[in-house]
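One chain, chain A, links the two complexes that follow: it is found with chain B in the first and with chain C in the second.
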Partner chain A sequence: MKIMNYIMFLLVLSLFMPAVSEAEGTLQSKIDEAKKGVTIEIEEGEYEETLVISKPIILKGKGEVLLRSCQAEPVVTVSGESVTLQNIKVEHCGDEKEDTAIYVTGTNHKLEGLAIRTKRFGIRLDHANGVTIQDTEIVGMKQGNGIDLWESNQNTFGNLKITNVTDGIYLEKSNGNTIHRNDIQRSRYGLHLMFSNENVLDENVSKANITGTMLMESKRTVVRHNKFLSNNKSVNAQGLLIYMSTDTEVTRNEFISNRVGIFIEEAENNRIDSNKIMDNFIGVQFKKSNENHVIRNTFVGNVNDAQAIESANNQVNGNYWDAASKVDANGDGESEIVYRADPYFLTLTNAVPEYQLFFQAPGLILLQNILKSPADQLLTDSAPLMNMTMEVEKEKSTSFSLWFMSVGMILASTSLFIFGRKRR
Partner chain B sequence: MKKKRFSFIVWAGLIMILAACGNDKAQPVAINEATDTCETCNMAVIDNQHATQIILENGKSMVFDDLGCMYEWITKHENEKIDAEFVRDYHDKEWILVDDATYVYNQSLKTPMAYHVISFKDKATAEDFAAKNEGSEIMTAKNLADHDWKSNHDKEDHSHTHDENDGHSHSH
Partner chain C sequence: MWNIWRSELRMTIRQRSYYSFLVLWVAVLSLLFLVQKSAPSLSGYTNMTGTVVNVALYIIPLFMLIIGSFSIANEMENGQWRLLNTYPLFSMSYISGKIGGQFTAQTIVFTFSYGISLAIGLVSGNGFSSEWLWSIYFFSISLIFFFLVLGITLGCFVSTRWQALSISVIIWFFLIMIWPTALIGVLGLVPYPWIAPLMKLALIVNPAEFIRVSLVINLDGGAVFGQAYDSLVPFLDPPYGILNYILYFIGFLAITLLFSMLMLEWRKRR
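Presenting the complex of A and B:
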């Protein structure tokens, strides 16, 4: 009987043998066998497994390739140096707090043409340097960051489309990274820098997030040619928030239709130069911030151009304010009338929100001129410009819809008038 | 006589009610992730174990995303009348009074604003955590008040700059 059992055991064992040889055909086994520098092409199809890559190889999807896993570990873990991932869809279906689609550490990796679906984190860079991530789409469920950097320097992110995550790209203690031409929408914060220095944010679009970009305790950040649009869905929304950060260069950006265009708190020596600040509820807001420069910006169509609290010592010069009265007596392009952005209406409505009903009411404007806010709340431009520093195209769609609406209303009222009469 | 007794009862009752009101302790308000931002740093407050809260005597509640942010606020607003300060248990997120909690400071702990301090409702759990995580320091509420929150950030920043300079000199 004992011998029979033994034979049965052997038979059962032999049944599992083919499975072992099949396991050798997994992607991981191909990676393990591959020599440095080779390219592994993945055949089209879905692969339910997690990969660990620690040597310089190229992993490339041929056609539609999906790697999927709901395990605790990342779908792809990249370490060492010069690993390339190309043309692969990656999906992490786990819902644990730390779940990550792709985890990257090491140097000089390249991730391109990826499409990532995740419930938590998209790509995490941990002590990763010189990594390039480009032409990639990340979609989350607002429970983790799209790209998350921890002590990772000199990395480049380009042409990424990130939606529905916590923070689009989050940097903590990470320096010298370049974030260029990315599009981040419907997330908490578009770009979020914490204790990170010398990073360049260039030509990105941050739209319909709670905050377009957050710069926190970061130094020498360059923010140029970005668009911060419609960050207005939250009571705390703003285009750009600069908190306790110094030496930031904010040049040639567009801040359009945000709740607050730029909010600067406890920050010094920052330069806001040649930006278009348009159709925001508040254009620029200062709080306990001094020694900042606000020059050559164009302020158009903001409900309140500027507000300053405990921030009397900022250089505000040569901006264009559409709300300002302008007289140029000597023809130098600068108005002789000093412009003071008075947050009177804002202060009033902060105390009693119902007063918003009196927006632009003649009585309120009169009151504002008589009473005036305290000097420390005024933002004064000593030489406001006569002309805009950049072209401001008025949106055609709004005027069109306005015409459409008025014509519709005229038609409706006349028809009511006519038919109402006939019935009698 | 009856009238007098009646009024005595009414008065006694009123006094007791008033006394009860006085004893009514400030209660923490639940975090609303959609609208709550840190009073100090403006970041959204997540409903997690790092959230802290101050209730002022006028009933106003303020929330913070990190214990350090709360102490930054306290040092900057010495004249404000604080009724109660709350932190949360690291494990079950229960609100506890600052003085009733035990704290662990560990430079490698990640907190929202990198102040590296977490709170526990019982001392034993805190000590257990500290024993398991190297470099931990047990603190009481009294230690927190004396803790140098600000320089903690500065220190970090300095070491940071050094790292970065080293990195540069290597790469060039």
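Presenting the complex of A and C:
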């Protein structure tokens, strides 16, 4: 009898089992049943399923809501128009090449307060327009882009925190998007624009990536008030790379501690205005680029301020260079002494990259002074500024610890002095 | 060995010329620290760091080579070494005592000057990052060590102080001033694929370059050396970097000690 009871118990239990998985399926069925414009609130908990949303509804998480899936399809697919997702955690655990956490197409959607974990893509926008994504965190595994746009226009991205992905925000053939106040770290490229025009990047922070931001064959991009910091871990690292792009406006950004602050390659008619370019190994580097304007920037603490190869026709005027000798005879705020940046080191290492080991070698400075490059290869600022155009603050340790270090050194060596002298 | 160490330390510290170094270091270092006032930023590897490093590279190796080679050449010249040879003293303990004594004496005077200069800098209202200060300090101490050892080895080879001086200057000029020029000249003659391994070999041969490159890598600037040294950079980056640095230090010491010992033994027999 006891065995019978046990079997009965198991049977009853097994009757309840499918009920659990049915409960998981209800999220999609709730969406299917919902009328246009309603708000669906998701109860706190974990949901192992994929959702497809194609009508204008609001899907809102109450408390901790996690949608999770390892299937080939995206965890959430959004299409149609005016879909809103709020306060949801989304995790895609699949490791196939095209795996995506959220796939968006259509118009005027709004995604906010999401937290996305993915092994490949975070959010993909495919022919999506007027979409707003904000207050969202994306963490990847360096195998896919955080946000990936394909032919998507007029979208807005604000207050996103993206780490450890391939490209933080990748735009291809996407125009007129606004990327505002995002923070992208430890990824390959922070922002990556390909064949995309009239985009605005502003107040973003791109830190410790291989390249802070890359603009490739993109026109009329506006880059302002961004910070490009410590993009210096790779041999190809730089703050901003402008490649074959035209009419870019780069104003009031900070480029600090990058390998190269701004790298301009085969690009024309770009304007670099009023930026702070500080503590980089190379401030601005030109390669086969002409007709660019570099004006009113503040160059401070860079190991090499500016270097140019095959780029003789750029307008580099009225910048502040801390390395320049400055004399202002007529009081107009501009120095009468022309500032020249010699590309000798770059020309040398271009031919034999191994010679880069001589970077800042004491002997190389000597060599550079003997063998000056011909005048047409020099990058010349004919009117360097006397004063900085941007505020520069100084990083320092507390003076107490420094005094401690100083006094400690003096005391230690004095006692050794006495010890050394007294010794019979 | 400890006796030699002690007597070397005592003799050096009691020399009047020793205190001229104090003046020299204080003058150079406090000028460098005062210059920082005009530099708006000071963390990591900046142009200011580059300047300080270059000044140190110009001045420290030259003096250390001269001091090191003189400390032996002097005793050779005035016959003190012959006198010492009448005692049962190993060449090994003689040289290591010399190195130890000189290094202690020079480190003391450098540390003292560094402390004073830092105080001068602080009094004049400058701010520094302590990580940066320690990097520069250890960089200078390493330079002092390597070039003292090199100088002492040189001292074992020469017979007069005049020789010691001229060869010291030649070595300094070669290793510091025209090193890149010479390498670029020589490497222009070899087939292209040889350049990379020869550059790495040259890096190990020249302690000044080795220390400089380690410093740049330590201050997070490894990427600046480019693709060709991608494999080398993690090798010198902490924490493994410190280990490799110590290994290099031991290897360098072993080779120079061996050479100077052989030389002294050969001289003894003559």
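Throughout what follows, the second predicted complex is superposed on the first by the 344 of 424 C-alpha atoms of A that agree within 3 Å, B and C clash if a C-alpha of one lies under 4 Å from a C-alpha of the other, contacts with A are read in each partner's own complex, and residues count from 1 in each chain.
Note that in this section contacts are C-beta pairs under 8 Å (C-beta built on N, C-alpha and C of every residue); 3 or more make two chains touch, one makes a residue touch a chain.
Worth saying up front: this structure is predicted, and the values here are computed from it rather than measured.
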| item | value |
| --- | --- |
| Chain B versus chain C as contact partner of A:V235, first or second or both or neither | both |
| Chain B versus chain C as contact partner of A:M216, first or second or both or neither | first |
| Which superposed partner A:S82 touches (first chain B, second chain C, both, neither) | neither |
| First (chain B), second (chain C), both or neither touched by A:F195 | first |
| Contacts of A:Q71 with chain B and chain C, given as first, second, both or neither | neither |
| Chain B versus chain C as contact partner of A:S257, first or second or both or neither | second |
| Chain B versus chain C as contact partner of A:W403, first or second or both or neither | second |
| Partner contacting more residues of chain A (chain B vs chain C) | C |
| Partner chain(s) touched by A:Q143 [first = chain B, second = chain C, both, neither] | neither |
| Touching partner for A:T178 - first (chain B), second (chain C), both, neither | neither |
| Intersection of chain A interface sets (partners chain B, chain C) | 234-236 |
| Of chain B, residues touching chain A in the complex | 34-35, 37, 41-44, 113-114, 153, 156-157, 160-161, 164, 167, 171 |
| Sites on chain C touched by chain A in the complex | 6, 9-10, 13-14, 38-48, 50, 53-54, 57-58, 104-105, 107-109, 111-112, 114-116, 118-119, 122, 127-131, 133, 176-181, 183-184, 187, 192, 195-196, 199, 203, 209, 212-213, 216, 220-221, 223-230 |
| In the complex with chain C, residue positions of chain A that touch it | 230, 232-237, 257, 259, 278-279, 281, 300-303, 322-323, 348-349, 352-367, 388, 392-397, 399, 401-403, 405-410, 412-414, 416-417, 420-421, 423 |
| Chain A to chain B touching residues, read off their complex | 153-154, 172-173, 175-176, 188, 194-195, 197-198, 210, 214, 216-217, 234-236, 241, 243-244, 263, 265 |
